[in-house]
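Here subunit A shows up in two complexes: once beside subunit B, once beside subunit C.
Moving on, here comes the complex of A and B:
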């Protein structure tokens, strides 16, 4: 692209009072050779904005450097079509004028250190803009069908929602009949106001509607042999009655559901030892068949005890709460009460969890004179002399151990996501754990991937969605619950979190939206969340690739496949444009039109490093969290030292170590990385970026040793977006550390 | 839809959606629908987006700041020309005509135009102060102010008190951008759309109705939403837990669960989020105040799903005393400012009395739809006041059921799908 550069300098909002904008202009048009350089008292105002448009139309300007406020504000005036225009914002307001000493009194000199900061930030912006290219969207995937895996409540709801919005769905169910676990239910608990009555399970209606929907293609008794491709162009090989059929899709909804927790570990609660002890699943099936009766002799049930949290909320079994069991036991209690009006029900619980309007159902059960609630911890389940089961518990109300005799004991067992379970031998013939057993991660897979046989992805990084904990797929489960680490594959329903049918149906609706959004955006070459709409795409200069495999291993989204010889094979529609692969590549062969190792390298090169003892600190800041926090310091007119030079990165994980080597060898005294929290409660929007940056930094010691520099010169700090109170102390504290070590000996070399 | 066939060939209005409420639910519904191809008018009553969620200190269970996810969503809004944001706006009338909704949106005067650059000069000269509504009236703010530091849109607002005053004129004179206009009058905008997402959120249950707590006269008795502001780094105390009566750091704090919820006389339902909110607040207190004594009085601790982890963390530290029993009477020692709670302690089978520096009422969640409707739009409400979806009117978030942030996002994404499906149905009918 033939570029015509224009530099615009704003003096408004206090910029002109903190720095000499005219000398910046001289710098731009003189030393930095910008063909056009204009100053404005308010660049974002109507006149300024009109000037920009005029220069684009009349002067052929297509490369704009806007030195004014933070890129986080004034976007309406400063947004351009990235396919035609490249633009770079230089933050003179929040991060220069507002965060350093205000205007000196008349007659006093302006602070030269602040002027030098502004000059460097301008040099850096221009250097980057010179290398930026207009976006060339990669439009590869145009398939708009949605593949839904699982034909239970979630899968059926997802497919129906996809269809209702006008798109086609392909549904794959491993069993002969649709309906999944819900088919085994007798009745459902209330799903709408007044939330007091048992309701028929919605499954029959969902199955019927799905089967008659012309937009849904159904594969029954079918499993996924493999899935290859990428958003907009997935290819699924489906094994159906011994035959393989192939279906294309643009996005995938994983609705693999759950398995009831294996009760074999619950012997202490009598399971397997006493015939009067059954699981809630077995109880449900008895109810569905109309066979609720005393196990000993088939007589009427006189008393039933429900033991809540059987295997849930228990470190030895499932550490989490399975969410549905309290409501489910209340429902099952009503089954007994309806069938045997004289029966007594005991519900033994730790906390009754009937959140929201489900409380009405709990209230109804509390009003039922045959249902007794006993809060406490079950200590033993044994047998009475008359053959009934005896549940011994430490009762909170009685403040002592009590015994409850019951004809039947129901263990309210929890839910395990199917993705946490092994599926027998893997697709590649390797031995997996036997079906239904919790599957430990195998040696050849990353620790967070369980070979569950649900997706069988032909992905370099393994066949399934990486899990965060307990086998639930990794996601930003608060702000962006549908986020997954495999672009275009959205988990929904009880595979994602323990949830009941009503919640599954709602979850399926959301997943359907995300799938549709995915196929639409991918068809236009746009990135998905969090850089929604980004039109740039990764470019690889393969001639220089050394097959080190770092990119293929480190991409949090599994973007790269491997050609078998160690060469990365990019799948651009899987790419989220975080640049983490760019940071990982020692040969620097990966770049985006608007972000590359060379661009940041040029920014670093553009920093003027004085030969005298004045220090220079390079700060890499995560664009989403650290950078806004730095802006907030300015907004509050906080103060930090003017020796820092800030380079925003779209993720701190895009940091390439060569930048650190470049910076140190040109005499920069210290380098500070401001990234997001990593670890279990990570805050990185690209999941692993900040963890990877931290890991890479561990390797920097080698470089520092080679240069004979102190390790303290490079530091990483975890900051949050609302950390603006801490930031000045971090920046100034780091400066103090560097002052104590002394200047970089490479200065002026 | 067949592969490659362009969507949305019908008139623009059919693909236009109105989202009422710009909190977490409304933002999510708007962004998700727009990225799936809809045009969206997002109407927010306040001067900023983010609703109640943006006023939280940290989200449970990750204890992360709300503005982090908001920043991403605001970026998505900035980059998407299909989203039209109306702040200080309310729907004043909806008329249904020929299968479409004609909507009138009333805009209150902000007295600051879009040329505002958030430079802050008006606030510098402004001398009038008002109780800060963002902090639920705790702390004061200039009458010319940025609603909060991460506000979106990043634009100042002048409160009506300044109109016709010298102070107002001074603000106007200080503005270099000429963005202040104290003669601004209410305006109206008209849009048409094919479906409506109601995302007007919730209000805490009115503590004045909990007479036994003497809320209002007991200075060191605050609500759970106020506690969020005290815990927020950008809040009135910059994240310090100071007693309202004397500004001293709290040495003991008690949380009273189910204040209004699960109560025949108040809200019959459970508000679903207060247990987790209090566990989170208590956990943050134990992290920040190593010597503070912390109590939670509860009926059941409802930390469902993987939220159990936070409860397990709280239990394992052992610093927070969890007492099963509901707080009844609350009294104040007028001299020391201490708060005395009376609660039944089920484990001991006795009434326990506890004196603390500060107490927090975990107030229940009341859907906004219970008290206010949308003029001209018939909303189908259940007995608790929650919205029941209609064929072209959908609830998102807490208007539909008590929801935490994650559930709200899930539900609002689904509401966007419902809107998409409604559009499809209309388009299919139009083609017939």
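Moving on, here comes the complex of A and C:
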């Protein structure tokens, strides 16, 4: 591509007061040889924007360097079609003018360090722009159907939402009838105001609506044999009554639901020992069949004890709260009271959890004269003289051990996601591999995958979605609740997180919208998230590949398959454009049109390193959290030293170690990496980027030793987006460390 | 502590509490604002929080043996401070009503007193007795000449047969009631006190029975605890008026008896007679006290703190007793025969009502609160004194 470069310098918003914009212009058109260089008092204003458009149309400019505000703002004025025009933003406002002392008044000495900072940032921007290419999106998958796995409340709602938006859905249900777990319910608890009355389950209406919807194809008594492909081009082989059918889909919604926790381990609560002890599911089924009665003689129920958190919030069973059991027991208590007005109900709990509007339902139950709430720990479940069950507990309010006799004891057991049932660590909702036993050697699976048989993906990373804890296929990222760690596969409902029907229906809607977004964007060759709409994609220069498999191993999203000889085979629509593969590649063969090892290398090379004692610090900042935090320092007029040169990276995991070597051999005195939190409760937008960067940095010591440099010259810090208060101290603290070590001996070599 | 205490909630009891005005009982969520706001609750296992829990759980046995029910003076602070509208004060009142019934030897009578349906019957009993005695004495007709009440209702054999027997009935009922309540208090105190923290410091030693009785009597005469419930100053004055008014009238009645039988001086007495002064002073105190109480309770009712039927019945009977007493006196002095005799008959019925039903009505708090105060002093249970 023949490029015509133009540099635009804005002096608005205080930039002109902080630095000499005219000398920057001289630098651009002189030393940096920009054919066109223009200054503006307000580049984002109508005049500035018109100038840009005029230059593009009349001068044939197709490579723009916009030295003005942060690339995170003023998008409307500075957005161009990346397939025709490359553009690079140089952040002179937030990270130069606003975060350093303003230029002294006339007649006083100018702060040359700030001017030098602005110059370097401009040099870096121009260097990068010269290497950038226009985007060549790869459009691989155009299938816009959505495959929904599971025909329960979530699956049906998801399919209906997909259909309502005008798309086609393929629904796969393993049972003969649609409806899932909700079919087993006697009654539901309230889903709308005033939140005090029992409501019938919505499932019959959902099933009917789904079955009569022309845009939903339903496979009953069907299981997934295998799923291959990638977003926009999934191929699902469905086993249905002994026959295999194949369905294509652009996105997948996993709504496999949950199984009630297996109560067989709850013998201490009387399960299996006493016939009067049943689970809440069994109790619900008795109610649905109209068989609620005293077990001894079939007479009216005189008393029922509900034991909440039975096998939940307990390290020996499910460590988590399933969130529905409190409401469910209140519901069951109320329908027993309706049927038997003289029945006494005991609800024995650790904490009642009825969030939001459900408080009204809880209060309704509290008002009932026959419902007794006892907070405390159950100590024993036995039998009393008259044959009834006797629950003994240490009651917090009674301040003593009390015994409650009941005709029936109901264990409110929790939910286990279907994805946790199978072979592998984390199965049965136990703690993930981080805390439990080492993964069984036989499984031969990544440590976070349970062979649950729900998706049966033909992915080299394993057949199911990875989970973080307890077998929930959750990406554990607050910004992306539905996105799993496999692009285009969205988890929704109680398989994703324990939730009730109302929440499942909301969740299904969210996942349906995400799936639609997926098929639409993939059909245009765009990245899905978090870099939504990114048209560039990784390009591999395969002639130089050494089959080291680092990219196939490290991509968190399974973008690369292995051709059997170690060569990576990309599935571009699975790619999230994080650049982790680019950072991992020792041969530097992976590049994006607008981001490559060479581009960042050129930026580093463009930094002017003075020969004297003045220090230079290179900062690699993650674009997701660290970079906005740096902007916020400027926005709040924080102050940090002017010796830092900031290079934004789309993920700190795209860091290629060659850049460190480049910078140090050039004479840069210190290198600071600002990435997201890694490890447990990680904050990395690409799951593993910050952890991988940290790992790679462990290997940098060799390079430093070879160069005979101190290890303190390279540091990684974990930064969150709201850490702007900490950032100046981090930057200045690092400068002090480097000052103490002294300048890089390679300066001027 | 490892042997569990079996709790078998008594649904019928909960329904009774609700019916007696404790309908808010289930709203309590045990935050303890009530016990904290109470000015007189002891620091150790304070009321009314634990009573609220026991009532919610239908723990009838525990409540009926609980002296704290009667230590409460019903100032209403807890009800005002309750964040959940559980109205602990009303619940305590309801519980006292149930405790009165269950302590008395004739619980059905207490239930009749507590229910508006039986009110006509309750007045029909003394009316029938009075008429029967008057019939036997042959005075069932309008007397002629100057209005003298003993012409219609002769002291003997009507007044002095009916009232001493009634008083005897009330006295026996009271003795049985107090004994039952006291036995309950004792057996409750012998059980472990689960509401108290294990690290509870040893409280001050109790006082011997005569000393306890003296302390309780002084407390009742001076109404000191009412003063501690400081926010409701009017209540102490009204209650003092009622208490001393009733006391003076009681003294008046005894003096009349003494005058008749020892000195042969039959009433009516002249207005200059000291017995008249005492009687009129007592009547005035009774009327003023009950008026203030009625007025204040009406105001509270408008503010959403209604009083129970038992409260109202007792107050109106007291007020009417005072009013009919004065009325009869003035109508007699005015020599207005029919109204005067009618008023006197109504007055006698009201007095009979007060005495006969004393251990069965709200009036029973005279007995049972005093009993609880004696027990508290005896067992060393110290109320919190004004801070």
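Rule of thumb we're sticking to: the second predicted complex is superposed on the first by the 713 of 749 C-alpha atoms of A that agree within 3 Å, B and C clash if a C-alpha of one lies under 4 Å from a C-alpha of the other, contacts with A are read in each partner's own complex, and residues count from 1 in each chain.
To be clear about the criterion, a residue touches a chain if its C-beta (ideal position, glycine included) is under 8 Å from a C-beta of that chain, and two chains touch if they have at least 3 such contacts.
Treat the numbers as computed from the prediction; the structure is a model and nothing was measured.
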Of subunit B and subunit C, the chain that contacts the larger number of subunit A residues | B
Which partner does A:372 reach: the first (subunit B), the second (subunit C), both, or neither?
-> second
Have a look at where A:638 lands relative to subunit B and subunit C in the superposition and call it first, second, both or neither.
-> neither
Touching partner for A:399 - first (subunit B), second (subunit C), both, neither = both
Check whether A:321 is in contact with subunit B, with subunit C, with both or with neither, and answer first, second, both or neither.
-> first
May I ask you to decide whether A:300 touches subunit B, subunit C, both, or neither, giving the answer as first, second, both or neither?
-> neither
State whether A:265 touches subunit B only (first), subunit C only (second), both chains, or neither.
-> neither
A:35 contacts which: subunit B (first), subunit C (second), both, neither?
-> neither
Looking at the overlay, what does A:344 touch: subunit B (first), subunit C (second), both, or neither?
-> second
Please indicate which partner A:733 is in contact with in the superposed arrangement: first for subunit B, second for subunit C, both, or neither.
-> neither
Check subunit A for residues that touch subunit B in one structure and subunit C in the other, and list them.
-> 397, 399
Provide the residue numbers of subunit A that touch subunit C in the complex, in ascending order.
-> 342, 344, 366-370, 372, 384, 392, 397-405
Seen from subunit B, its contact residues with subunit A in the complex are 1, 3-4, 7, 31-33, 35-37, 59, 61-65, 67-69, 71-73, 75-76, 78-80, 114-115, 117-120, 146, 149-150, 154, 176-177, 232-234, 238-239, 261-262, 268-272, 300-309, 312, 324, 346-349, 382-384, 386, 388, 401-403, 405-406, 409-418, 420-421, 423-425, 427-428
Please name which positions on subunit A make contact with subunit B in the complex.
-> 12-14, 41-42, 44-46, 69, 72-76, 79, 142-145, 161, 164-168, 192-194, 313, 319-323, 351-360, 363, 375, 396-397, 399, 469-470, 472, 476-482, 497-499, 506-510, 512-514, 516-517, 520-521, 529-530, 532-533, 624-625, 628, 632, 635-636, 677, 681, 683, 685, 720-725
Touching subunit A in the complex: which residues of subunit C?
-> 1-9, 11, 14-15, 18, 26-27, 29-30, 53, 56-57, 194-197
